[in-house]
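Input: structures, listed below.
Both complexes shown next keep chain A, but they swap its partner, so chain B is in the first and chain C is in the second.
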Partner chain A sequence: MPVVRLQNVSKSFNNQPVISDLNLDVHKGEFLTLLGPSGCGKTTVLRLIAGLETCDSGALFINGRDQTRMPACDRDVNTVFQSYALFPHMTVFDNIAFGLKLKKTPARQIRERVKETLALVKLAGLETRSIHGLSGGQQQRVAIARAIVNQPLILLLDEPLSALDYKLRKQMRLDLRQLHRKLGITFIFVTHDQEEALTLSDRVVVMNHGTIQQTGAPKDIYETPVNLFVADFVGESNIFDARVARTSGSDMEIHFQGIVKIVQNRRNFKTGQAVKVLLRPEDMTVTRIQAQCAAGSLPGRVTEMIYKGTTVDLIIRLDSGQEVFVTEFFNEDEQDIMYDVNEPVCVSWIKGWEVTLADE
Partner chain B sequence: MTRWLKISWVSAVFTFLYGPLLVLMVFSFNQARYTTSWQGFSLKWYMRLLDNPQLLDAFFNSLTVALISSMVATALGTLGAFAVSRYRFAGRKLFFGLVYSVMMSPDIVMGISLLMLFVMAGLTPGFLTLLIAHVTFCLPFVIVLVHARISGFDPAVVDAARDLGAREHEVFYKIIVPMILPAVLAGWLLSFTLSLDDVIISFFVTGPGFEILPLKIYSMVKLGVTPEVNALCTVLFLLTLAAVSAAHILTKEIKK
Partner chain C sequence: MNERQGFKFIAVFLNMAWFAVFVLVPGLMVVGISFMTRDTGTFFSPPLTLTQYRELLDPVYAKVLGASLIYSLNTTLLCLCISYPFAWILSRVSKHRRPLLLMMVIIPFWTSSLIRTYALVILMKANGIINTLLSAAGIISEPVTLLYTDFAVYVGLVYSLLPFMILPLYAVMEKMDLRLLEAARDLGANTCQVFVHVVLPLSLPGVLAGCIMVFLPAMGLFYVPDLLGGAKTMLMGNFIKNQFLTAMNWPFGSAASVFLLLLMGLMIIIYFTFSRRFNRHQAL
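And now, the complex of A and B:
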């Protein structure tokens, strides 16, 4: 039984649909990320689960019980807000104890649990501090502590890392994963940062315009995007227009950029069909031109070389005029991956590493 | 050199601001009548104040009006500030503009227009008209102060409280009230001082049956500035100072 189930949920604000007929199951104990550009409705999904918004239509089940109309204060769900939303007139202790006090928990138990939780978020001993004296990272941890101290069934996190600087964000990412493992409860995390989504989650839900584009493990989302939006939003892609010239079994021959190449036909494309061929920068290889490029590889010239320590990023202008972005890794066999600007090269990839999608 | 310049500049400013007040306060303790020369320390003018029933009446009338009008203005103003900041309604901007225009309009204009209104409404000038007038000119200050406080805090804290299990009334008492309280108190104290020392508007809207302190002083001064008036002004000044300092401390709290 899923811990949260959204069934045909729709929601609009001022007659502007934000979520349309959305279905989503969240499994117990998983780390689920809602990923999408701003305005895609991901935060609204979170607020619907929290009970801070109500569905216009459809139903919402938490732990199997219909809670579509249940007010926020009665749901076994707690939220970490993007702005942290700490109570400025209270100390750290009073902020964290707020939920427990409302539930009339005995004072001694409150003290113990606040103490434990503060230790869990690495803020031990800060009970009496005022909110104003805390750094952004500390406020973030208080916000998390205030939510998890209530031992909710589900913890909702609304872009909690977006206000932190890069180093702190990386640290918090690790801490969140550890916290998830220790607590064993369900985390639903909202972000527009694909790197965050890929590194943190058990499962990623990619959203756009209020609908789910793709749901899957980070690896599936990255390696086999189901449409151009997902491919473009998650990671970088080089996209080629191509036409299927011939199909044979599980392979097909495509014409693009003035060349012919055999690729895999996973989606049962027909001869003559227009397709998009997607390639991740790291899936393409660059070789120095010998007389002429081998069959199935694309000639071009290096326009930019960016040295990044472990990798070298190349921007290559193909002879057709299209620019591609290629990442080359340093490895033992092939030391010389440094190229000169304007050096003629060939770009190719191993058959099967491409993703082909119907031209929409 | 610049240091000396700074010090003399600051002292000049302070002398200019507080010199007159200081003179008034010092001479309220002067033994002599009708003279500006110092004749020795005395508290007799303060004693004289206590023996003057008319003056005490006016003083208590002033306090009554200031207390009631400031409380009514605070209650209405807080509600008004809530309406403007929480709800989006037609004419919201206009409402806010009107609030500021009341705050800016000259006292004499306010006084005459209120008088005309009361006459047209058939009200005899007295306690009630004075009270209404004072509530009117205090209201904008409360609205502006409380509104600034409300717009200063993150609306997500209300969501956070609900999310943590607070019902509507708990959100109100545990979150909203404590957060806006400094602004409400500051608004109240400010209204109290505004009401306590208003002369011009009160001059138009009160009647002979209801005398208040600033007007009483005004009429006393027509016969010459006596040490008695000095003593009275000192009392009034200290009262206002206390209220203003309290308001200031509370507004400082707001900015945190």
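And now, the complex of A and C:
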């Protein structure tokens, strides 16, 4: 039984549909991420689950019970807000104890649980501090503590890391994963940052315009995007227009950029069909030109080389005029991946590393 | 001294001089007179004495004082009860409807409250607008006594002082972060608990400011009971006015004024102590 089930849920604001006919199951104990650009409805999904918004139509089940009309205060769900929303007139202790006090938990038990939770978020001993004396990172941790101290069935996190600086964000990511493992409760995390989504989640839900585009493990989302939106939004990709010239078994021959290449045919494309070929920058390889490029590789010139320490990013203008983005890794065998600007090169990839989608 | 400092000096000096001449000196004179003795010829004369203050504690006068305090207290509570929901709505309505509601508060606020009190007389007198309308509608057969009652005095006081309560409340509520209310709901607070634990504490500075701004003037608005209460009701303001203008007892009137001044000072101290403590919590 899913811990949360959204069934044909729709929601609009001022006659603008924000979510349309959305279906989603969240499994018990998983770390699920809702990923999408701003305005895609991901935060609204979170607020619907929290009970801070009500569905226009459809139903919402939490732990198998219909809670579509259940007010927020009666749901076994707690939220970590993007702005933290800590109570400014209370100390750290009072903020964290807020939910427990409302539930009439005995004072001694409250003290113990607040103490444990503060230790869990690495803020032991800060009980008596006032909120405004805390750094952004500490406020973030208090916000998490205030939610998890109630031991909710589900923890909702609304872009909780977006206000932190890069280093702190990386640290918090690790801490969130550990927290998820220790607590064993379901986390639903909202972000527009694909890196966050891929590194944190068991499962990612990619959303756009209020609908789910793809659901799957981070690896599936990244390696086999089901449409151009997902391919483009999650990670970088080079996209080529191509036409299927011939199919044979699991392979097919495509024509694009003035060359012919054999690629895998995973989706039963027909001869003559227009397709998009997607390639991740790290899946392409660049070689120095030897008189002429080998069959199936694309000639071009380096227009930009960006040294990044562990990788070198190359922007290559193909002879057709299209620009591609290629990432080359340093490795023992092939030290020489530093190219000169304007150097002629050939770009290719290993058959099967491409993703082919129907041209929409 | 450069030009800018010169300007600053002049600006500060002018203000200080103004306050010294028109506030500090008369104030000190009142304090001084309060320690003197009544004199029918010169209004007051030298022998310094505490008689006036001792007399203020006399049950007759203490009763006037007590009654005035009760009028102020009730007026403050009524204003608070009316203003709180109104200020809340004002701070929550859509941005384009808010100016209209605000104007409805501010325009009377700009009109002389003496004129507005006369307007109330016209509304409430025996053959006034309210009675005429009610009898025309057949609801009453003979005029209801509205004017020269406690009710009329309260209507006048509340009506005059309402903006002083609404505006500070609106100021704090408008700044209030609604996400805090959502956070409270998310943590299990029902509407009532959200109000008690979040909305009320966060609006407390506004409540306090509004109460001070209503309570003190409510003691002094002598023309409201004069016009609407038929001079049956006595506020501190009436009492002081009578001492100066009718009884010609300047020292006693001064002592009552000093008492009012001390009360005001005390309330301002309370307000600042409280708001400093609150701001330490809230300043982000």
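Here is the rule we use: the second predicted complex is superposed on the first by the 360 of 360 C-alpha atoms of A that agree within 3 Å, B and C clash if a C-alpha of one lies under 4 Å from a C-alpha of the other, contacts with A are read in each partner's own complex, and residues count from 1 in each chain.
Methods note: a contact is a pair of C-beta atoms (placed from the backbone, for glycine too) under 8 Å apart; a residue touches a chain by one contact, two chains touch by 3 or more.
Only a predicted model underlies this, so the values are computations on that prediction, with no experimental measurement involved.
In this superposed model built on chain A, chain B and chain C take up the same space, so to speak, and clash.
In the superposition on chain A, contact of A:72 is made with both chain B and chain C. Once the two complexes are overlaid on the shared chain, A:88 sits against chain B and chain C alike.
Of the two partner chains placed by superposition, chain B and chain C are both touched by A:150. Once the two complexes are laid over each other on the shared chain, residue contacts for A:5 go to neither chain B nor chain C. The interface of chain A with chain B overlaps its interface with chain C at residues 50-52, 71-74, 77-79, 81, 83, 85-89, 98-99, 102-103, 132, 146-147, 150.
Those residues of chain B whose C-beta lies close enough to touch chain A in the complex are 153-154, 156-157, 159-167, 170, 174-175, 178-179, 256. Taken in their complex, chain A has these residues touching chain B: 50-52, 71-74, 77-79, 81-83, 85-89, 98-99, 102-103, 132, 146-147, 150. Within the complex formed with chain C, the residues of chain A that make contact are 50-52, 71-74, 77-79, 81, 83, 85-90, 98-99, 102-103, 130-132, 146-147, 150. Taken in their complex, chain C has these residues touching chain A: 177, 179-180, 182-190, 193, 197-198, 201-202, 278, 280-284.
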